[in-house]
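After the structure tokens below, expect a handful of questions from me.
Letters A, B, C and D mark the chains in the order given here, with residues in each chain numbered from 1 onward.
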Amino acid sequence: MLIQKNMRLLAKFESLFQKRNASKISFIGLGQMGSKMARNLIKKGNTVKVFDVIPEARNSIEGAQPCDSLQQVVEGCDVIITMLPNGRIVKEITLGQRGVLEHLEKGAVLVDCSTIEHQCAVDVNEAVLKRGGKFLDAPVSGGITGAEAGTLTFMVGGDETTVKTVEPTLLQMGQKVYHCGQTGSGQIAKMCNNLILGVTMIGTCEAMNLARKLGLDQKKLTEIVNASTGKSWSSEIYNPVPGILPNVPSSNGYKGGFAVPLMAKDLGIADSAALACGAAVPLTAAALQIYRMMQNHGFEQKDFSSVYEFLKGKNSK
Amino acid sequence: MLIQKNMRLLAKFESLFQKRNASKISFIGLGQMGSKMARNLIKKGNTVKVFDVIPEARNSIEGAQPCDSLQQVVEGCDVIITMLPNGRIVKEITLGQRGVLEHLEKGAVLVDCSTIEHQCAVDVNEAVLKRGGKFLDAPVSGGITGAEAGTLTFMVGGDETTVKTVEPTLLQMGQKVYHCGQTGSGQIAKMCNNLILGVTMIGTCEAMNLARKLGLDQKKLTEIVNASTGKSWSSEIYNPVPGILPNVPSSNGYKGGFAVPLMAKDLGIADSAALACGAAVPLTAAALQIYRMMQNHGFEQKDFSSVYEFLKGKNSK
Amino acid sequence: MLIQKNMRLLAKFESLFQKRNASKISFIGLGQMGSKMARNLIKKGNTVKVFDVIPEARNSIEGAQPCDSLQQVVEGCDVIITMLPNGRIVKEITLGQRGVLEHLEKGAVLVDCSTIEHQCAVDVNEAVLKRGGKFLDAPVSGGITGAEAGTLTFMVGGDETTVKTVEPTLLQMGQKVYHCGQTGSGQIAKMCNNLILGVTMIGTCEAMNLARKLGLDQKKLTEIVNASTGKSWSSEIYNPVPGILPNVPSSNGYKGGFAVPLMAKDLGIADSAALACGAAVPLTAAALQIYRMMQNHGFEQKDFSSVYEFLKGKNSK
Amino acid sequence: MLIQKNMRLLAKFESLFQKRNASKISFIGLGQMGSKMARNLIKKGNTVKVFDVIPEARNSIEGAQPCDSLQQVVEGCDVIITMLPNGRIVKEITLGQRGVLEHLEKGAVLVDCSTIEHQCAVDVNEAVLKRGGKFLDAPVSGGITGAEAGTLTFMVGGDETTVKTVEPTLLQMGQKVYHCGQTGSGQIAKMCNNLILGVTMIGTCEAMNLARKLGLDQKKLTEIVNASTGKSWSSEIYNPVPGILPNVPSSNGYKGGFAVPLMAKDLGIADSAALACGAAVPLTAAALQIYRMMQNHGFEQKDFSSVYEFLKGKNSK
């Protein structure tokens, strides 16, 4: 009885504590990722105003305050979070006519969680600073599952003080916050991580497909690779061969997960950045072309680990 | 006093026990790897006859019985271990005139630890069977350090009974023995693992070099990658950027480790095998070409993680 | 005597005819290409006002009217030709503050001969139209030699009437004018041609280097290829192996010609365009990476056919 | 009347002349190519004994003397021509039990027109020399059409005297004979030519597909490329875009021509040769992988210029 009483007290206290730390947050972009992130903010007791260009989406978040314009969603808010499909749209929403910047309060922080070109983040930051606001680029990893479970990782670029201010809010949607360096470095970190992923996954699929052709058991190969120098997140946590791991896209018809066009998008960002700064990225470029070809051959809805299936081909034994 | 006495007794007992399990072993090929493997067999109390085509090498293994011919080293031995540079030499030493096969005892086991084409292993196996012997392909991973420390991993192909018989001997030179399947599958497993490694390392180097160009701290990137989906043995255990990890080739001028031509050799084996069986291996093929170009541009003595330095280039900021 | 008289008359007549057809032309960008193109326009009797951001360059064209500002060079001119290093600079010079557009006469034609992103041409065209002017993208092929000799080829995008108007002027600097289609299509045509060139040259160099390694005479190979299915401009007119053709860069230490960074620039434009429209360009992407690596390994001043030397390597037999 | 008489006389004379130059020829391998080549030899008046492992094929050549064994076809012949699918089969037919060599007359010439590894040609040559015969490697270009029309090109490796002896016979099946150098160099020449072709075709297809995506007319692009630096046999004679040239596979549903698996075979030979001699062939390797992927995606029956269609993809606009 006493324990139960204390538990109830504790729960109340926790709720109060959350409220005290909760802030008025504006959330723009309620797609697959954004809607789940916004819901987590509401669950943690924050007051959350939401906006999306699609009117129906605005009313889809229970407990949120739906807004009909960027003006309405931005005004009076300290923290504005954006989660949008690409850099062009981020620029349009923030810097465009009747965009976020026109209504931004002095000292408010704009946190962009979209995955975009780092140069684009640098451009938006400059405009936000001129307006008297602050900007962080904060792309995430963890996918839809992580967005739902509130276990995202944030890779953040911007000045340290601003990062510290916003960190508690980010941790209500995720588990880890990496401060990578100045503006844009969050995007650079994400794109560098994802290019390794995109390349490593194809390498792993090539090995698994070669093993299949030569009659080596793929479970055995996975066991050996995971204890050897070929081990990676792709072989250990996200194995591309159906039936080796449960609960991964490969064991579920390559449904869900991180779709081929999204991987192609991220590699395209890395490829362009490399082009602009003169860095050679031979395997990144080759990997991008493979995901590109997959998009044109019926894999545009599948998880990127379906490279395995693409290599196998239709008429392959 | 009593403890010391017991310790001495224990040591004696251990030595006796090792002798009892020790066998008469023949070791052929006393290069960088073979010499260290043979020494570990001697340390564990085995009687080891040794041979190498280079006469001086024959006398370089303390405690071994140097032999002057293949006949001498093979005759009367139950287990013959070969550790040779490539498939052509393995065939020459085993199937050639006055080769191992001509002197092989009925029932003796030939264990080839060289890294060679799996088809080559299949060919040698066939000949050994005809002669009344047994064959295992048992390539290793772990490199020179693992050979010296006796911590190698063996990937073994062949029939289960033979594997079981030889396993204790292999474990005197290593820590793990994987039985991969029928003859040749040890080679297939190794080549599949190494192609992932060769590809993943280049992907990791591309990310690290891109980060450098764009001003992202490489230690920070490594920290993020190792907690994310880009994590691999290459980023975590063998990071290619100087100064991130101690005791890896990159922090030691890319000296030691696994030299570029050896990686090119292994990827060449994988590429040929893929060619022969009709498997598409786009990134393996691209990676092979990069290591090949490195060989022609002054990296032939360096560890394969020097891809990082190759991408950086000479006139790069 | 009579013939000589008639010849003189003819020359006079020709000169008069040229004058009548000559127009007041403005030329902006007096680098390696632009300076030679401007000189040809002067030779043909046109009145040419010239401008370059580098003051010394403005006075380097004999017979031209040097201008000190974009305003001065543009005002009162019917045809403004630009020949600039890249798309960013084209936008700056045309659309920037105190740029070409601010001073453009109604109905004047802006002809951009620079090699830039086709999207950039589309953007500039739109702005020029708004201002009441006309725009053509007209990148050239033929290089410095062609610019000097007046034998350039122009690939032109824009409306037919405008092309017809400007064609005589272009033919004073070149030999051929291709009207490719609407605005931007000149750039698309050039980039498509050059990506074939960049890829084909590397393929040709790989064959020539392989032949060298295997002891096949390269002149013999060239003879066979040029009579077979491997024939291309790269093998026939611009052979990359020293000593096969006279008067090509390969026979002159890879000096002159089309430098590696220029080829890398053009392939980069093609790669970006492909990225943006979702076209797979696997060999273009791979070729770009090779020229990129060459830039980092001491080939940044050499003609792009030096791929042959890059493949050969330093320590190659 | 007189003219007709003379024509008849001339025809008779020509026929007599051919007979005098005709020899007893043995032809082994009566597939798509071989059957047509043998028929041309018969048309020119030679006595031709023929053999194929498939009994029906032996009787399919009108005017030939069908043989039931290698012994029968080889015995008493001065010139033995082989046209076989690959190097393994060439070795089997020539060096195997009851093979060509066992029955070869002293001084007879074995001319292998198959496309095989140059090392394989070197091996067979050695065996033939030991037996007292002579060997030429003489792969052809021109395809099935050229075989039928008697317009093949022969690339020949071997000693000059032997080449001179056999040249008239080869010219009865083709139009050109290139003496490339010592044994194997015919194969090297062919493989070098075909690797350029395989690479150039893909580059051309990438440009054509990119043009399509960006709305540039492909006929216009072809016209420009063929007058510029991107010109090649692939763009001019064998354009991969349907409807640009008549009578090429692309305008006939990619039927006929040189099938994808044959191109993959030739590039595989080049890739292996490069591997063995340490030459870097980055685009050859990448091209091989593309043709390989095509084989696994439903293009195994199509002409290799269908790369265009593969790049386009199924769900491409």
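In the analysis below, a contact is a pair of C-beta atoms (placed from the backbone, for glycine too) under 8 Å apart; a residue touches a chain by one contact, two chains touch by 3 or more.
Here's who's who by UniProt: A, B, C, D = 3-hydroxyisobutyrate dehydrogenase.
Keep in mind that this is a model prediction, so the values were computed, not measured.
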Chains in simultaneous contact with subunit C and subunit D: A, B
Centroid-based (C-alpha) most distant chain relative to subunit A: D
Copy pair subunit B, subunit D: interface residue numbering same or different (half cut): same
Averaged-CA centre spacing for the pair subunit C and subunit B, given as whole angstrom: 54
Distance between the centres, which are taken as Cα means, of subunit C and subunit A, whole angstrom: 43
Subunit D: positions in contact with at least two other chains: 278-282, 286, 290, 293, 295-296, 311, 313, 316
Footprint of subunit A on subunit D - complex, ascending: 286, 293, 295-298, 300, 310-316
Contact footprint of subunit C on subunit A as seen in their complex: 268, 271-272, 275, 278-282, 285-286, 288-290, 292-293, 295-296
Sites on subunit A touched by subunit B in the complex: 118, 141, 153, 155, 176, 178, 180-182, 184-185, 188-189, 191-200, 202-204, 206-211, 213-217, 220-221, 223-225, 227-235, 237-238, 270, 273-274, 277-284, 286-287, 290, 311, 313, 316
